[in-house]
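Just so it is clear, A, B, C, D and E label the chains in written order, and each chain counts residues from 1 on its own.
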Amino acid sequence: MLDQIISTFETGSGFWNPLVWLTALVIAFLIIYIVRGFGKREYKKGTDQTQAFLSGNPEYEKDKMHVKANNVYWGFTESLKSVYNFFGKMHTGNVSDYVLWFVIIMGILFLIFGVI
Amino acid sequence: MNDILSILINHSPALIVAVPLFGAFLTPLVGMINDKIRNIFVIFITLLTGFFTVILVNEVFTNGIKTYCFGAENPSVNPVVRIFFEIDGMSAFMALIAVILPIVAVIYSWGFAKEETGQSKYYTLILLMTAGILGMVLTGDMFNFFVFLEITSISSAALVAFWTNKKNSVQAAFKYIVISSIGALMVLFAVAIFYGQYNALNMAVIANNIGFGFLDKIALVVLIAALTMKAAIAPMHMWLPDAYSGAPSPVTVVIVGTTLASLYGVFRVVFTIYGKQFLTILRSFGDFAVTPSLLIGVFIVVLAVLTIVIGVFMALKSNDFKRMIGYAAVAEIGYMILAVGSAISTYFIPTGTTTVTMAEHGKMALTGGIFHMINDALDIGLLFLVAGAVYYATKETSLNKLGGLSRKMKYTTVFFLIGLFAVSGLPPMNGFASKLIIYQSTYQVNPILAIVAILCSIMLLAVFVKVFHSAFLGPEISSTKNVKEVPKSMLIAMGILAALIIFFGLFPEFVITNIVEPAKNALLNSSEYISAILGGV
Amino acid sequence: MSGMSKIVKTISSIAFPFVMIYGLYIIAHGHLTPGGGFQGGAIVASGAAMILVSYGSVWTMGKVKEKKLSILESTGAIVFIGTAILGLLFAGVFFNNFLFDSNLIFNIVPVKGSTVGILNSAGTLPIMNFAVGLKVVAGLFAIVLVMAYATTKMGGGKK
Amino acid sequence: MSKRNFAAVIFFTIVAVFLFFTALMMHPFGIFDEDNQPEMDDHIIDNSQTETGANNAVTGVVFDYRGFDTLGEATVLFTAVAGVILVFRRLKK
Amino acid sequence: MMTFNIPYIAVIGLILVGLIAVVFKRNLIKIVIGITLIESGVNLFLITLGYRENSIAPIYTSSPGGLMSLPVPQALTLTSIVIGVAVLALMISFIVHIYRHYNTLDASKIRGDEE
């Protein structure tokens, strides 16, 4: 049973073994721990060290500091505007259109199977 | 003791459906006593269903196909008159999915729905939905499939409209029931064609007699179109983000099961009922022969690519937490049918024999696709539970108004990270294994498919990084100041799914050999399905 | 709805018992003549809906609560599935017609061919007919009652 | 005509043509040939009295041969009632 | 052959009319009516499949004897009708709520926040 559980999973070009992976994970954590040991020990809470430094300007309110979801990936959506316009037009939110897509798919399938 | 167990195993197909139904009929009565007793009762019922499912699945995986006839011990099989349940590997696999999700949903609802009114009806409908999904995946009768399809659609539509004071929920419920009733009626239309032609309703009998004449083609088209619409395959996926985001989160988790059950219907129709006719040569151009397998396979692959791309792109733009997961769910469904479609398109006859087989990479793709079904149920389920937890804590699903939740909801954040890793296919979560198989096998079918799949998987990661950034990271903003961690029952429910995800991710080979392979073999072996009912054919 | 005129109320209360008896007859003879639990239940439920229309939903809601109908419906469903489970317990198969050809009630086996029907036949079928009839009456009436009452309370669509 | 309606008309025509062909290809209305006998139904008509005891074969089918479907149907009605009561419930305690 | 299949053609026509109503009508009530038309069409299709020439109803109680029409389609239609009633009830109650929220029944205006 146990050897069945930890047996290797192969796809032909890659493999996955839980034991190998766990060993890798442990080694990675060890490295992280060692690197963490190099850090400075002078950090103190509640002093000026914890303040954000914005070129000497005062910090904004917390609400304004947070990047809203609307603005994330703005560049991507802006550059692919045409694609998004097309997809947006597809999603009309009208029940009749949903059913119309069904009729269209049915028609295409009928054509495929009927003509050939 | 052994006698009782063998009797239970023998009757488990009936009991799996009867227990949740009986529980559902009793729940309104139990609900009059006390809320707490009712909740315990409902959890008990789902666990009992789970117990029966596990013993049945164990039986099927060890001893092969199990049939159960309703109403007679020695039913006549020539002609087949009564309703049969027929459970092969694929049905058993689906039953496992269908029973995990309600258990989680019911445990989660204890905390989640505590403040709501109408809880008795809510739990009743969840149990009915469970019974419906289980009936859909276990049945071996076309008309019975339609009836259970309707049970799942009606109960899930009523639950989507649970928050009647939200206009999003109500309109989503209306769209959902219109779509599902039209889909179900079209299924009934196809069933009627089968009945008129073969005077049979049993799937095995139909599969045994099936030809590939005009009427069979029509029935195939209608069934595929209707069931893929219920399984939310682009461009008929638009109802899914509506319904998933309108429903309360635990309900959504179970609705994921209904979507997968419809997908199972597609597989059952294509592989089992039409399995015999996969290689009828419809027309040949020189050496190149056009077969139904090629047509269906290519068509499904095209739709799958469309599904993945649309799902991912719309998810990236969306700003509503639940809606975004809904589009991601669409993309995940695309992965499944991408694998299965490319598998179907590699069907061929080896020279010298007449048995239908599939190319090796096709079989691998099928394994990946089936494995991805259970992975998708777990991943999307966990993400929706997280979204529900965020909603419970903040009464907000719009990502624009969230931020800094990781400071207040530590466990939820961890669960979200697990879901994020799983859904975008990063090791060591379960999505990695199935997506790896899918990439590799579709690459052998056509490299472009694998490239699209990988790119979209990366974009899926980007989508959820966006959620992680805007909801969980960042400073504590004013609207999330008084947020508290969610109740224990919700954490337990999320923990169950997260544990399963990690287990499936760490030991994929174990899961594939024990659960996925029997399901794959069952799909590929339609003659066994037929002979289980009709005897040696 | 606040109910209709006195003439309608009187006539519908006179007609209701007849409708009900007709429905019960359809249910009881389901295994002999055209009809059955669903059809008869629908007839009785439409009789009840007639009362609802003539007396108004508020009055009817005062007489019959939807919670009671819900209990009644659950009972019908439990009897139905219970009969099926009894088949499992007594005859070893879910949904078995275990009363048929037994020495309990409904056990007379009819002569093959065209006969005069015997009410005391057909095993579990009459029981299931009654259970389904009860369910359909309660269910359909509950749907109509709840919808009528809710729309009355909500008014004509203004928020 | 808008683009949507144009597409709708075209695809409806296709679907309509194929469905009408379906109607023409079905077996002739009310006639069952030698090789197209309704075996399942004949079995029920012959045996409904001896196997279920019901003089009414339809009731025999509904409650005995396909009793499980009827359980599903009763469940559907139960579901609808639960759904309607759920949808019209009071939202505040 | 053609004349024998007129009932089927009528049934298909009914289904198509229902689908057309769902796709082209904008009023939600009319969409629901379209769905019930499809449903009636499918039910009629089942029933027409069960007809046998010169046959009587499949009931033995004081029957004149002779061929009987097929009982299974009748049972299936009964099931399907009840399911139709259930779906109809639920759809109508959703429409009541939609009207409360939107104050309109125009399908093109009933949409979520993000569409």
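Everything that follows uses one rule, which is that contacts are C-beta pairs under 8 Å (C-beta built on N, C-alpha and C of every residue); 3 or more make two chains touch, one makes a residue touch a chain.
Quick caveat: nothing in here was measured; it's all calculated off a predicted structure.
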Item to check | Path length in steps (a step moves to a chain that is touched) from subunit B to subunit C | outcome: 1
Next on the checklist: Can you give me the shortest step count from subunit A to subunit B, moving only between touching chains?
Outcome noted: 1
Checklist outcome for this item: Note, CA centroid farthest from subunit D's centroid sits on chain A
Checklist entry - Measuring centre to centre with C-alpha atoms, which chain is farthest from subunit E? => result A
Checklist entry - Taking contacts as defined above, which has more of them, C-E or B-E? => result B-E
Item to check | Where subunit A and subunit D are represented by their mean Cα positions, the distance between them in whole Å | outcome: 45
Checklist entry - What is the distance in Å between the mean C-alpha positions of subunit A and subunit C? => result 55
Checklist entry - Approximately how many whole Å separate the CA-defined centres of subunit C and subunit D? => result 22
Checklist entry - What parts of subunit D, by residue number, touch at least two of the other chains? => result 8, 12, 15, 18-19, 22, 26, 38, 40-41, 44, 49, 55-56, 58, 60, 62, 64, 66-73, 75-80, 83-85, 87-88
Checklist entry - Of all the residues in subunit A, which ones touch at least 2 other chains? => result 91, 93, 95, 97, 99-100, 103-104, 106, 110, 114
Item to check | Two or more partner chains touched - positions in subunit C | outcome: 32-34, 36, 38, 70, 74, 77, 81, 84, 94-95, 97, 110, 113, 115, 117, 136, 140, 143, 147, 150
Checklist outcome for this item: All chain pairs satisfying the touch rule are A-B, A-D, A-E, B-C, B-D, B-E, C-D, C-E, D-E
Checklist outcome for this item: Counting only contacts in the complex, subunit C reaches subunit B at residues 70-71, 74, 77-78, 81, 84-85, 87-88, 91-97
Next on the checklist: Could you list, by residue number, the parts of subunit B that touch subunit D in their complex?
Outcome noted: 21, 24-25, 28, 70-71, 76, 79-83, 115, 117-118, 121-122, 124-125, 128, 131-132, 135, 143-144, 147-148, 150-151, 154-155, 157-159, 161-162, 164-165, 193, 196-197, 199-201, 213-215, 218
Checklist entry - So in the complex, which bits of subunit E are touching subunit A? => result 19, 22-26, 28, 31, 107-108, 110-112, 115
Checklist entry - What residues of subunit D sit close enough to touch subunit A in their complex? => result 4, 7-8, 10-12, 14-15, 18
Checklist outcome for this item: Seen from subunit B, its contact residues with subunit E in the complex are 143, 147, 150, 153-154, 157-158, 161, 164, 167-168, 170-174, 177-178, 181-182, 185, 188-189, 192, 195-196, 201, 242, 245-246, 318-320, 323
